[in-house]
Amino acid sequence: MDFGLVAQYLLNGIVLGVIYSMVAAGFTLFFGVLNVIKFSHGDVVMAGAFTALAAFAGLELLDAGVGMFAALIITVAGIVAMATLGAVLARMLILPLRNAPPLNTLLITLMFGLALRESVRLFYPNGSNPKPFPQLLPDLSMTFGNLALRLDSVLLIIVGLGAIVGVHLLIQRTRIGLAVRAVAQDPETARIMGINFERVVLLTFALGSGLAALAGITNGLYYSEVNFGMGLLLGVIGFSAAVVGGLGSIYGAIIGGFLFAGLQTIGAVWFAVPAYKDVFAFGCIIVLMAWKPTGLLAERSSERV
Amino acid sequence: MSTLLQIEDVISGYDQADVLTGVSIEVPAQQITCLLGSNGAGKTTLIRAILGLTPARSGRIMFEGVEITHEATHRIVGLGISCIPEGRRVFPGMTVRENLRVGGYTETKRDAVDKRLEEVFETFPRLEERADQLAGTMSGGEQAMLSIGRGLMSAPKLLIVDEPSLGLSPLLVKENFKVIQRVNELGVTVLLVEQNVRQTLAIAHQGYVLSKGRIAAHGDADRLRDDEEVRAAYFGN
Amino acid sequence: MSAPTLDVTGLTVRFGGLVALNSFDFALRSEELVGLIGPNGSGKTTFFNALTGIYPPASGRVTLGNDDITGLQPQRIYDAGITRTFQRLRLALSLSVFDNLMIGNHRNLYHGIKGNLFGRKRLRQQVEENVESSRRLLEQFSAPLATRLFDSVFQLPMIDRRRVEVCRALISSPQILLLDEPSAGMTHEETRALMDDLLASRERMPGLAIILIEHEMGVIERVSDRCVVLNYGQKIAEGSYRDVSGDHKVRAAYLGED
Amino acid sequence: MTPGKRDFRALIVAAGLAALFVVLFLHLEAQWAIALLALGLVLGLYFAVRAGLLARVQAAASHHPRAAIAINTIAGIAIIAVLREEHFALLMLATVCLFVTVCLGLTIQFGYAGIVNFSGIAFFGIGAYTTAVLTAHSAIPHLLIIIVSGLVSGLIGSLLILPMLRTRGHYAALVTIAFGILFRTFLEVNDTLGGPQGLKVEGMRILGWSLNDNISLGPLGTVSFYASYAMLALFVAAAAFTLIKRLERSWIGLNLDAVRTDETAAASFGIDVPRWKIFAFTAGNCLAGVAGAIYAMMSGYIAPASFNFGDSLLLVSIVLLGGSGSALGVLPAALLVVVLPEKLQIIQEYRLLLFAVLVILILRFRPDGLLPRTMREYLPGWGRK
Amino acid sequence: SSEKEAVKIAFIGPLTGGVSANGLGGRNSADLAVRLRNADSKYTYELVALDDECKPNIGVQVATKAAADNDIIAGVTHYCSAVAMGTVDVYHRFGLPVIVWGAVLPEITYGNDYKEVHRVNGTMINQNEVAAQFMIEQGYKTWVIIHDTTDYGKGHNRYFSKSLVAQGGQIIGTFGVSADQQDFNAELTKVKQLNPEVIYFGGLAPTGVRLRSQMEKLGINAVFQGTSGIVSDAFIEGLGPLSEGVLAFREGAPLEKLPGGQQFTSKYQSQDYGEPPEAYGAFAFAAADLIIDAIEEVGPDRSAVMQQLNSTRDHESIVGLITFDDRGQNTVAVITRYVIQDGKWVVWDDSEYAQGTRKLPRS
């Protein structure tokens, strides 16, 4: 196998890993704050991409639908819309249920995801078909043997990783982040400390959903295509990545994301029938969980007797 | 002397049942007011009502002359009330240092928080020793220390303390009362709930005895200490 | 004097770099009540946890009678006749008082699948017997509590929850009972009542030995036959309450007098 | 009237009303009729709860568990008898009974022992595929095949035991999710078990009598062959229900509860945590396998596309909607989740959307499920002591 | 007479989920047939549309629902092959005559001997024979096959490979991918190294769109040859300009070549359906039309309708002449060759590619 080919696999894997990591980071965030799995996350990724697409249609009407500027505008539009949606979801469905068993939140978000998916399919113009996503990033590429190094891929990697690290720093280094983590541990005591519980929850959901939107838009820009079902598998993989990495740790989410992308790439190259790659990846996950029961970056256990 | 916290005819409770059936107390500024009473009398419930965690069903709660009966908890706390809750309630997955920082959450200036952190570490050297240990893995008493330290982080006008010496060693219990007294001497008003009646009355200025959701007696600490009836009924020794 | 029932030699427990229990030697005789005291974080609870198999000891040896029980699984320790309460209550809040007690009585119940699902005669008999014995045991601690046998623990006030925890540890008639600050959060009066009840129960269980962790010195003075004092994971004193409370090391580290 | 008689009357009336509701729900097709029925149900339940009737019926049922199950089984048979000619209604009824069986299995796992299983449909599928293979390639009697399929499900589930024992909560959930996805993809990619096209399955035969034949009653008309399957499924569900109830009301049920609520405390009181986790996981998977086996024979055809991750989530939904750990709650929840989307066929492409919204509303206003679990009652009439 | 007898016809297809676009297009088309015919017919036809979600278990459920309803005389059923495979037994058992309108797996008609089951569209066998021959004629030599692992993709792989090898083409790689897969970079990187002249794709439009656009990003220069599953506006819409020069093959005569076809297109547009008819809408239309013809002829009776359908010979329809063989399969296997030119599916012979003014890659 020549160098260019290996480099190409590596590059593909990295972009894929960045997308997975972004989704996983969202899961980790929600889990970290409310101890809930938000199963609608994958569909929020999808809805974010579609919002950006709608924004792009709007820009085109204004004759402004080209280039990096347009990319920026639609990204902001998608993120803002999804952040708002996340906050609304938290307000209407998550907060009122916070005393119910945690799995109920899982179920309710699952159904919310289904509703979101079906709504896009039914109400987005011609939503049941795949949509081309505009090519807004500079279409430059260099070829080294078998490696096609595209500028847009590099840009997406930088933006994606930057966003994840940014969220991580926000959570670990700022006063807001401190509040978020305190709420995660014990909401009532956090309130006693003067933390506005509701605002923190809304903020986290907005943040996670915004990140999801970014993941969706990255996905669109990278593959030049989006469809209403794209969130399904992405959600499951993002969740898997978050858990394998170790829930609650953003770096865990990154590791998990890249691990998953790596496993899939290896699986696709290794097996004669590439469809086995998911069998392979999920099989590895089961083995990994037996080996490291609380994820690769295990949470420091705070449990004592 | 001005009244910092005033509670009038508060009724409150959980689900259907009322735990407090019309409680009125006054907490004068700059003093230590203690709240005594047997298990389940409703002391913790009263504190939760003040903080808006178990909202009052009727009655009024005033802080510095402003009504706070129906405010959100974080607003109430933001007015300058700090609470060391019953059962310590440290954040188990955060380190000791982070726990303390959360205690200073209402303070937005980082320098001020750092300075208070130093002070708390001085008061409880064990906390500094274990600054990076996860709070959940600390021993019971260490967690109690942490909870007290956390309550001191926000430089409150009113410090509410619910059974802080639970699980502390005799040495630390004494230490603890000293700390509360010292805090009070620095001008902080204290509302103290304790089972350790003798030591409590030794530092308190005045007190209330709560029984079955009502105020059964109240007066200066000395009077309560000497009141035969109160002693027989609530202190047992 | 009978031979030690429980014999602990050189027990050490580490958490990372921290030595929570350092080469601890301890012996307990049948029917003895030993008070275990020491400053916060001195390793008392850790000792209980190492003894009951929750934390693996780094080194040391524990024998019960003639059996080596070092590092056994918690359920084996229970089977050997050691039960405990937890410093922070660990009751199943959603279950009834009776259910919680029956969890403690695991050793005396029948767990075969066949009998539990099909031939339920034995089950019925065991249930009926145990309702009676649970009620009797609770009554020794608090008559009103005994009437709430089928309420969920969640509905009980803290003090009753503590009683339930103690009863859960007692109901299987263990040889050794480990109590971790059972009176925390109680008034003097309530503490006194609890201790009286405990001593009364001891009368009815010949051979029961108790280790009691407690910060209330009055209680220790009244009930303990002997005291052991820990500091930074090490034993610093041992003997009668009077001896120990007079020890200047103990006074400095723990009691805070002089 | 003695309390006993009053109890029986309450039970019979309740079972009769429930049966009437099920019949109408399955039978009615018109939009307005279903809407009216739903409204009637909501109002009826509201007043039943307000007037304490529901509680009385539950108390009566706990006082006479055998009679309650018998009466309800008879009510089930009555439903089948009334619907005897309606193939589709019977198919739905049988499907509901099989889903009830699977979800009772999940209840052992999640409701009692606290093990989340997001691959319920995979174990259902393992039962179905085992049946498909065994009916085609062996002469084992079909009733036995059902049992063997259950066992195979349990056995394959034990592949997951090690990670399941070492992990908890969401981490354990991931293991099952991974298994569910892996199972489906494997079936589809691999051709030995029919690949994506799936397998045909023979109809069931008991002692030479084929369940796939309509039963002619001469002048009284014919009984749909689905009635036989519905009857079989009803009995399996009733048996599973009886077992679960007995399990819950025994020391084993207590052990499982202890494992769920606090593993450390459980272990400290002699409970062998791994043993009971394995027991619960395996028992639940066996039930899923048995249900899958009957489903395969009934529907005559199975393919990987029927065993999606989404279907596992639907099973979990049933358990949660009913009320976690509530065996009784599984019944209305399964009815709702299985039949409602069918009833919504009238709104065609909008039906999944409406279904999702309805479930969200139910959860929003009844967060503990339709019939939350009640206190354990070891013996009949325990609650009246 | 104003009071005509009401007669129900079932339509079954995927109305929700991943391939619902096709299901909705099919439903609308069948509905169109009913509406157009109701104007002057002996009976008032009513279409009962049911959603099979493209899942076999749900398919069996709704098939039972339709078949057990005695008011339903016949059905226009199924787009997904796995579903059709599961339901044929149900139709046979209940004696409900049905016409499959989209599923292409040969076994649906040839795997059994059920008189109830018919199919207007061709099987994938016909399609792939023509496809292989055509491509060889164009002078291509090396292929990589990418197919999804559903029965649709796997079947296409099987039949195309067979025909291609028989006619001397060379397959240098075969990749099975899953239908809901989003990322194909790993597979395509391998393909790039193999450097085939043609990439044959067996699968549906959504996957095809992803594959084609990712091919472009990796700079793979090869002809993209698809199957009937991508012949839809969705494919072009999803790809934009990238769709230029994609080839595909579909059973049935090209709509625009038949008088009925043009009428279908214009009538469809005038009805304001929310969704386009998609590739198989015309077949659903033709199937419904055929059923109505039969009922008009012999009355609303299942077995009479079934016999009437079985004897269909050279019946005119918008997809060409229909003749059912003894298995109910339409044997008039007109296969139309399409190429995308300027954002439209164009019949090959009319395209600039055929005239030589445009060139496919590598030709």
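Here the chain labels run A, B, C, D and E in written order, and each chain numbers its own residues starting at 1.
Just so we're on the same page, contacts are C-beta pairs under 8 Å (C-beta built on N, C-alpha and C of every residue); 3 or more make two chains touch, one makes a residue touch a chain.
Nothing here was measured: the structure is a model prediction, and the numbers come from that model.
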item	value
Steps in the shortest chain-to-chain touch route ending at chain E and beginning at chain A	1
Partner chains shared by chain B and chain E (touch criterion as defined above)	A
Chain C to chain E, fewest steps along touching chains	2
Centroid spacing, where centroids are CA-atom means, of chain D and chain E in whole angstrom	38
Geometric centre distance via CA averages, chain D-chain B, whole Å	51
Centre-to-centre distance between chain C and chain A (centres being mean Cα positions), rounded to whole Å	49
Touching two or more other chains - residue numbers and ranges from chain E	16-17, 20, 24, 149, 176, 178
Chain D residues counted as touching two or more neighbouring chains	185, 188-189, 264, 349, 352
Where chain B touches two or more other chains, by residue	137
Chain D to chain E touching residues, read off their complex	86-88, 91-92, 95, 185, 188-189, 195-198, 200, 212, 224, 226, 295, 299-303, 305-306, 308, 342, 345, 348-349, 351-352
For the chain C and chain D complex, residues of the former touching the latter	52-54, 73-75, 77-79, 83-84, 86, 90-96, 99, 102-104, 106-107, 109-111, 113, 116-118, 120, 123-124, 126-128, 150, 152, 168, 172
Chain D - residues contacting chain A, complex	110, 116, 160, 162-163, 166-168, 170-171, 173-175, 177-179, 181-182, 185-186, 188-189, 264, 309, 313, 316-317, 320-321, 324, 349-350, 352-353, 355-357, 359-360, 363-364, 367-368
Residues of chain C defined as touching chain B within the complex	15, 37-42, 44-46, 87-88, 157-159, 181, 184-190, 192, 215, 217, 253-256
In the complex with chain C, residue positions of chain B that touch it	38-40, 126, 137-142, 144-145, 163, 166-175, 195, 197, 234-237
